[in-house]
Structures are given as C-alpha cells and as structure tokens.
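In the two complexes that follow, chain A is the common piece, with chain B as its partner first and chain C second.
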Partner chain A sequence: MSGYLNDGRTPWHLPRRWSVGFTLVVLLASVPGVAGHAPDPALTGGRWNQNQALTYSWRSGSVPDPKFQASINAAAADATASRASQAATFAYSSGSSNLIGYGTGATCSTSGIACFSRSAPTSFSMWMREQGHKFDWGSLRWCQYYSTWPDGCFDVENIMLDEFGHVEILNHHANYSGESDYLDALVQTKSHAKPQTGWNAHAFARCDVATLQVQYDMQGWGAKYSTCLDLATTLTLGANAGYVGYGGTVTLTATLKVADDPSYSRLAANPVALRYVTLESRPTGGSWTSLGTMSYGSTSGTYTKAVQLTTRREFRAVFRKPSTEGLRASTSGTVVVAIGP
Partner chain B sequence: MLEPRWLRWTGPGVIALLAISLLASTTLGAGQKRWEPPDCPAGADRVGTARSPAIAIGDLRTVPWYRIDPRLDRTGALAGQRLAIGLDGDRSSQYLDLVAESFAAGPFGRVILVGTDDGAASNVAAIDVAGQCSFPIASETAVIRRATIAPDGRTIYEMRVDRATREDLGIWARPIDGSLAVRVIEPIGSDERFGRTYTTEFAWSVVGDSLAIQSCGEAACRTRLFDPTSGRIGSVAEPDLGALIGHQDGIVVTYGECPGFPCPIVATNVSTGARATLSEGSALAVLVATPDGTRLVHEQVAAAGLALRSVALDGSAVADIGAPPSGFRLNATEGAVSSATDLPSSWVLLSPDARLPGTGPLSQTLLRHVPDGVSVELEEIVR
Partner chain C sequence: MLRERAGQPLTLVLTAVVAVAVMACGAVAPSPSPSASPAGAFMARPTVADIPSTAPSSAIATAEPSSPTPSTPEPPMPEPPAAALQVEGGDPVIGALGGFTWMNGGSAAPWLPGRPIHVGRGERLTFALTESVAIGSWTVSRSPAAAVGTDIVGMADGTGEPLTFDAPPTGSWSVAVEIRFEENLGSAAYFWLVTVE
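For the complex of A and B:
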C-alpha cells in the first residue's frame, strides 16, 4: 500500500479512534480548509524554525522530582514523535537555557496546573504546579506521584505534552458543547483527570496535528494530511505527444498538488506524492473507463502511465478523496491524443 | 444570612492559628529568621488595617512586604508554605511556616493577612509587621480560601468553600473586630464553559472603591465587581477572558483566555460589555495610578526580548517606558506572583523572577517611574 505511506521520514500514527466519521463542519476563520471539527487555533508570538531542535533543562531551585522528570521527558518525546510536521523537536539537554520548573516560583496564573512562556524562535519556559497544590476544588494530584494511580489524578506526561503543544504554537482546541470531540485534540482548555476521556493520551491528535502542519509544513510530500483538514487539491494531466501512430504508445503524466490557496499557509501548492491517482479514458463522446492506477513519477507529486493507442482517445486523471487524510478529490482536465500519420 | 460568631481559639492564640514550627526564632541564613508573632497588646488590635494614604517614595522603608512560596517535602509534594514578611527598609526578614492550605494577602496598611486551614477549621489573622505582633480575625469550620481587607480597614471579606464538598459558599463580610460574618455575595453558579472553579481571587480597584471577585476555571475566568457602598454587583462572564490584572471605574482589565504567555490583554466595560484590546501579546502586567489616570503597564514580548509599555485603559496613549534590565521582570498582580508590597503611585517594581526577593539586599530590585521611565534601586531609597 505504498500509495498511502509517507516518504520514509518520521512516521506518524493515527489512533484507531480517528477512523470514526466526522460529519459536522465548523469553519475556523483563521484556518480555512478544515473538515470535521476545526484545527486548533494558533497562538500569537510567531513560529519556531522548521524542525528547530529545542532543548530544555531543569530550573535551578525548582527541579522536578525524578519521577516527574521521566514523564516530562516522555512528553517531549511524544511531541517530537507525533508532530507529523516540521514543527520543533524537544529534548532534555543539561545546561539548556530553556527552563522547566516545578512548584516553587511558578509564574502560572493562579488557576493553572501547568503553564508556559514562549518567545519563538528564541526561547521558552514551562512550569508545573507541585503535588498537593490547593485549588478551590481540592488538592492537585499527579498520577506519577503514586504507585497506584488514583482516580482524579492528572497524568504528567499528558499535561506536559499539552504544554509542549502550546510551546509549538497550539492554542486550546474549541470543542463542541458536551465535548464529544474531546479526542480530536490533546491541547485542551480543560485538562481531564483519570479516568475521564483522553486523560492519558500521549500523542498529538488530529486537530493538533492539522495546525502544526499548516504552520510548519509536512515532513515529506508523501506524508498524510490530518483528517482535521479539508484541503482542496489540483490535478493536472499532460501527454508526451498529441498524437501517436496506430498501435503507438503515449505517456501521460499527472501532477497532484494541494491547491495554491494562501490561507493554507505552508501547505499551499505542496506536491502530493505517493497517493492513488487513476487514469481514465474514453472515446470521444463516450463513457469514462479506468485504465488503472498511475505509477509514481520521478518528480514528487507526479504520476505516469503509458498507454498503447489504436484509436483517438480522451484521457483524464482522477484523485479520489482518501478516507484517511484531509485532502479533497480532484479531477484533471481532459487531454486528447489522436492517431497520427 | 448570619454566621455564628467565630469559634473560640482553642490553642495558644496565633501560634496555633499559624501552625508555626515549634522551633522559635531559628536563624536559617543571612537575614532570615523563623518567627512566631506574639499576640498584639490588648487595645492595640485592629489598628493600622486601613489602606495607607498616598505613599511617598520616602515612606517605603516602613511599608510591609510579603512573599509566599510552597514548601515541598522530599517527595516533591506540598508540605506547607513559607511566608516571608518584612518592611521594605529592613531586609532582616522573618518567615513563618504555614500549613499547605494557606494564603497571604496585603499589605493592608501595616498588616499582612494570613489564612490557614488545619483540616478542621480555617483561621485568619492579621500580622502587624512593624508592630511585630498579630491578632486573630476569623475562625470558621468552612474553608476560608482567600480574604481581603477593605481599604477603610473596617471589614474583611472572605471567600469560603464547603469543607467536605469544596462547593463555593460565597463571599462573606465581617467587621475587622472578628464579630459576626454575613454573606454578601452568593456562590457563583456552575457554567460548563468555565468548568469547575480552580481559584477565586480578590482585587480592589486602583482607588479602592470596588472589589473584584474573580473565579477561574482552568483557563477562563468570570469576574464580579462588588460595590461595598451600594451592594451592587456587576459581572463579566465570557469564556475568552482569563486572569484579572486590575480594574477601575467599571473597566475590568484581564488577559485573554490563554494557556501561557504571550497573551492579549483586554479591557472590558462591565456595564456595556464593550472591549478594548490593550495589547496583542503580553506577559506580566499591572495597573498603576498616574497623574494621567490609571494605566496598564505590561511586558511586551518580542523576539529581541521584553519591553515595557504603558497604555491608557481605552487603548490610547501608548508609551514605551524602556526595556527592563536583563533578567528583570515586572512585579505583577499580587495573586499572580504570590508576593506584594505597596508602591507610590506612578511606580512599578522590577526584579528577577518577577517577585520580591525573600532574603538578601534589595540591590536586585528596581523601581521604575511610569511617566518617564526613570529607574532607581529600591535599596537606595530605603537605605
């Protein structure tokens, strides 16, 4: 199934729950081309460089306990692994000036269980509140503090992945009333504690990824577009000759791209490689019939097929909307190849 | 609704109230000393809680300050809070070790308000910093989460939650003499747009004529403005608004609903709902009274670093007041940084970590004059 694989760079994985159909459409003014629910809004304050390798270290005097450090490092790895884009990567590095602190001195708002500050592309910081911090509703409990995780605890890895998402550029996802789409995004306004829906998710979800893709671009031309997007595509078709001799062969080449829409930001006019593009043919005035899948061309986003002709034929290329990514269908214009002298 | 008179103190006065360590006056480092405030002399109680009249810069040496920090055990869990207090002119600060469920607020004139909860009762006391003593104000079986003293020094307002369910019990007012408390504001209703309430904070207007009570979910906040004179309450409840920076004349200045910084700052007219965006992306911020009226002073986040700007509450008269020195941050709203002191009008405080240092000299603390951007070291003023 090579047509639906990415092109060999970092793979990304869709949770099974993403295969559920998404029928409601909410258009987000700042991010056109969305399907299902909307991609996360983007924060102000600019972007990191593509694939910028961000490091962090622990804040002196506010160093997280080792059991929390491990979960924060896991969250950093989760962010890097599930970004499905050229968003920044995160890794611990002793001496890094991007500091993550715990408890003492946190500059979060009074209601935050964790928070961040970002100044892309220069620096960031993060904080998490201490175990037992008192809120109006009661005491904050981090799951990793306990050998057996109690209900009502917050998973450090999940919460800190949310913070890494903010550092990237992601603002809180706008859920439907009732939060039926809570799993569409990990970066959420309301954190869920065990055992609420999504409390222990450890990967960016489709509407997080959608915004990361729009802001930072794809990891490769064969990589899948988030199903939280609904991007128009363009498909063009050309032939290496306008006519061939009887029984001669013509080679047709299709080019599939994301539409050149400025609102798509970094995704506009991207070549779309390693997909299924089929070639259809008909006699003049007749019905279209499929000639099968076109092969991948030598240039990203191109697809070719050689056809032997005995009569004048019309051709078109067809890209059907995939069920597993956020691209719309498109059909090329018609190309006519005649039988020549 | 009337509340039975506060419970009788059963322990040794304020010592039990503050759950202070049994160790007395143990010095733990240069200029910092563990302290047990004795009871204030009879008759001297309840004085000095009124808001100070306009403070002159030369008065700062006698102005109280506080800073409260979580105290963690070896496992990283909250074991209690350490409250450092002192006068701006005396850096031989004292500290009190409080229980985990505790708070501090102020200064209110000469005093810092301290609340503690031992799991059975909540107690609130006022520490007269200059007088080196304290007096009890309230004791309740409900959990008193926050308290504040009215600028006239006569009334304390308490925010309470139910001990068992942690449900909001509303805002209660009580004379500073500790007599009967009366609920003056009902509990805030549930609203799924905001989720459960994480924190409730008090903030007096810049001139002290109205009290904001802000109830925040994990990110978005609702703000009620209470006029103690008329009892009238106005409110702002929009889920795209976040933590309070300050308020004046019915204009509530808040962050947007942001998970972190930078974040927009918005001024909302409580009566009309009209808004003005004061900043598209800021970090720490505070409201300051100046000869030109109340202004927002805020850190402007830019790739080149932080800048300080001031702006009128209608968004006009934007002024650059100079970048803070490297490593210095604006000391913002009390609740946001868990430390505070009183400042003369037109001045803001800059320090490392955006907070007053708990110990040591004040050479790392600067005052900046908002109208002209001039800076002076606090150390020089209080020396």
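For the complex of A and C:
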C-alpha cells in the first residue's frame, strides 16, 4: 500500500479498550484462482508520480491537422478517464515541453504508424506518421482524414491512446497465440485497422488497467480491482469482548485487505472497502449459519455486526469471490464469544 | 538455434543478410512476391494514384500535403535486434519488424505481410535474434497472405530458446513471431511471408 487514496478515510486503528481479549486470526485464501489472462507487462524506466498531471503541446513545424488534434486530445481524455488508478493524467497545454508531432519528421521505425518515447517522471514525446505515408506494406490511412471512414483506416484516437498507454508505463499485452484475448488490452503489439477486432476501442481494457493499478494504486479503497488481476485477500475478525452476560450484545469487526504480497506492489495490504462481507456463527462443533451481511465500519475496509448472545458461539467472517473484480475469496479465523458471569 | 554453415560462423551469415536488407531498404522498400500482395481489407498497397476510396472531408481536404519538415529533427528511435527465420540447410531470412517497445520507446504497427521465405511442407523453422538478447516468452501465429491480419491461427508458444515451430500447411501465410525480451527490455513482432510448397 502506498500513496494517498481519495476516499478521505483514516487508517484503521483498534480502540484501545478493545485491545485486551481481542482475537485476531488471519486465514489467507489458498485457492490459486485464474481470473483471466495476465496484466500487461510494465516498461522499464520508472513511473510517473501518482496522479501526475502530464501536459503536451504540438511540435513546432510538425503540428497535426486540427481534426487529428481533436482525436489526439480525445485519446488523452480517454486515458485519463479509463485509467481506473492513480496513473498520470494527460491534457493539452500550449507551451508544454512534452511534444506530439505529425508528419515526415516522425522518428518511428520503418513500419511504424505512430511512436513514443518516455523518460518518467520528467518528459515524453509522441509522433504520428503522415496520412498517405508509403510503407512497404501499404499506404497509411487515418480514419479521421475521411468523411466516411474506409475499411483499412486506423483510428487516430485508438492508436494514440495506445501510445498514451505506453507513456504511462504499459508494455504490449501478451496475447494468446491466436489472439482470442485481443480485447483484454488496448495496448497491443499489432495495431488493428477498421474493421478488425478492437480497431476503435477508446478506453484502456482490463489488462491495461490491471497494470496501471499495480503500478499506481487505486483511486479509492472502494474502487474495483481489474478482473485481469487475481489478488489474494486477508480477512480478520475480532470481537469487542471475549464474553458477555446472558442476553448481552457483542460487536464483531472484520477487516478485509489485499494480501501483503510484495509482488502486488502498490496494491499490497490495501484496505478493501464497500464490499459484501458476511458473518457466520455456530455453536461449538456445530454447523455454520449466516447471520447476514456486515455493515461498513467507520474506517476503510472494516465491517461490523452486533449480535445478542444467550449461549457460547463461534464466529467467522466470509468474503466470497466477486464476479466483477479480481479479488479472491477469504475467510477469517474463528472467534469464540462465551457467556460470562 | 541456428546452425553454422560449413566453416562460416552464423553471425557472419546473419550480418550479411542484415546488410543486404538494410541496403535494400535504403534504395527501395522490398516488395513481397505477387502472391504476397496484401489483398486483405486492411492494407492499401501503394500505387501511383493512391486515391482514397472515400473522399476526404472538406474540413481537412488539405491535410495530406501538410507534412512539414520538423524544425529540429530527432534522431531515429532505437530498435530491438533484427530476427531471422531459417529452415535446416537454408539461408536465414531477416523478418520485417512490426510493432515494438524497446528502451523506453516504441512504435505501433499493424500485422505486416513479412519478408518472403520458401519452405517445404512439414519443415521445422528456427527463429533467432541477430544480437545476444535473451528471449522470454513468445508466440507464433499465422494469417492468410491474401488477407493479412485476418483469420489468425495460433501455431506455437513457449518460453526461451530454442524458438522453433513447424511450418504452416501448404499455401502462403503471413507468420508473426511475437517476442518478449528478457530483463523487461521490451517486446517486438517480426513477420515473414511463408510460402509452403
């Protein structure tokens, strides 16, 4: 865990009065689930600062046509809107030293239609080849050049979003050999033209987002983790008392976190808030039954439920694997609350 | 691994092939054989006319000619090593470099037709980089030469070397070898127009 997350909540601390007799048991989920294909690899060369506001301007003498400018600006907005993390943001600003150029001066490779270079956290640059550029594989057609987009044209917004993704830190997604998973990432080794799969995608896809989350952290503790991730979670459970009087009430508090795994980089040990955590109970040696969903606690990633007791009970908290994000299930250890004098 | 020819180190062979390829690029971009013509929907072959099938919008009708020379030319972007494909006893053929990332830079490119290479049915193809850079994971896939970038079929995948795979079925194929370099140096796609006889 690192960096400031913007939900305004404070780190989790136990009230001192609960510290005595408070039982914490951690059980790591051990199911090696496969949530999807792997996140994009990250480029070497370092990261930008979290939420760093990157600006760019047009390269003097190589200014893109206004219609291309609009699509490049749209791509920058797409990157900012779909990063789902604290990755850098992009916006045009006249006079910025990060230059985007268009035309014959492009430094792209022989077959390259667009290209980038990055030097985080200080600068980047991007280029677009000119409309009609002759490659040995054909003639470059940018869709936005035409009033009706022909097959075989490349969508400027899609291609430049790919370049903004590289500038962030994303390397090309590693597809299956048949590319059945092409839509798992926008940042791809092989650019697609109209009407190939994904040719006009205008948002980072789940395996792009996964890497941006790992590299730059979440926008908030309640934000969803990319389904391209497969993160273990830890769930702990504690009670505010080891015993209560007959008919008394005990308050149980569960804490859900991303596992503290160094490979998770900035996501390690993140509190996981605003999820469904259920409390289960049983008599000693009996079967578990659900007591329902726990309420959100006052600090991020905590969940609470008050229970009235007339007999000794065992409790555990359960977080089931969500279908909409890349977190694994976890179950807390057992907490026993007795009936006392 | 590529084999050394009789008394001739492989590196010399590859160097010669690279030199020829570079010279060819400097003069006229190499053209695939007629059968390699990317008649697929996704590529427009350069022609004298090269008139778009759809008229440009009036708002940017003058966009194409406006390709001004930049005021401060930049040096060319560093590229990953070239790569060669070879069958046993055959000459290595340098592939066409497609999209890549390398040393904090990179280029976007589509699926390319690739450089021509003729192989026999059932032959084993061996891929090798021309420089000493370790290969991480890799995939090999093919697309019909007549419609490059469509009907993609996975042929092989793996990790490290040797990077070998069986020739595709009889016909003409654009074959892509996609490499992930070790030590997180980047990734690259290389293409060959493989005619299997």
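Note that the second predicted complex is superposed on the first by the 307 of 341 C-alpha atoms of A that agree within 3 Å, B and C clash if a C-alpha of one lies under 4 Å from a C-alpha of the other, contacts with A are read in each partner's own complex, and residues count from 1 in each chain.
Going forward, contacts are C-beta pairs under 8 Å (C-beta built on N, C-alpha and C of every residue); 3 or more make two chains touch, one makes a residue touch a chain.
On a predicted model such as this, the values are computed, not experimentally measured, just so you know.
With the two complexes overlaid on their shared chain, look at chain A and say whether chain B and chain C clash or fit.
Clash.
Have a look at where A:Tyr176 lands relative to chain B and chain C in the superposition and call it first, second, both or neither.
In the superposition, A:Tyr176 touches chain C alone.
In this superposition, which partner touches a larger number of chain A residues, chain B or chain C?
Comparing touch counts on chain A for chain B and chain C gives C.
Applying the touch criterion given at the start, work out whether A:Thr122 contacts chain B, chain C, both or neither, answering first, second, both or neither.
So A:Thr122 only meets chain B here.
By the touch definition at the top of the document, which applies to A:Gly101: first (chain B), second (chain C), both, or neither?
So A:Gly101 only meets chain C here.
Mind working out whether A:His192 is in touch with chain B, chain C, both or neither, as first, second, both or neither?
second
Answer with first, second, both or neither: which of chain B and chain C does A:Trp137 touch in the superposed model?
both
Does the superposition put A:Pro150 against chain B (first), chain C (second), both, or neither?
The second partner, chain C, only.
Touching A:Phe68, do we find chain B (first), chain C (second), both, or neither?
A:Phe68: touches chain B and chain C.
Share the list of chain A residues that count as touching for chain B in one structure and for chain C in the other.
43-45, 65, 67-68, 102-105, 107-113, 115-119, 130-132, 134-139, 145, 162-163, 166, 171-172, 177, 189-191
Can you check the complex and tell me which residues of chain B touch chain A?
Within the complex, chain B touches chain A at residues 69-70, 72, 75-79, 100-101, 145, 161, 166, 168, 192, 195-201, 215-221, 242-243, 255, 257-262, 264, 280-281, 283-284, 301-303, 305, 335-337, 353-355.
Within their complex, state which residues of chain A touch chain B.
Counting only chain A, the residues touching chain B are 43-46, 64-65, 67-68, 102-105, 107-113, 115-122, 130-139, 145, 162-163, 166, 171-172, 177, 189-191.
Once bound in the complex, which stretches of chain C touch chain A?
So the residues of chain C touching chain A come out as 25, 29-32, 38, 41-47, 50, 52-60, 63-64, 66-77, 79, 96-101, 104-113, 137, 139-141, 148-150, 152-157, 176, 178, 180, 184-189.
Which part of chain A faces chain C closely enough to touch in the complex?
41-45, 59-63, 65-68, 101-105, 107-119, 125, 130-132, 134-139, 141, 144-152, 154, 159, 162-163, 166, 171-172, 174-179, 188-193, 195-196
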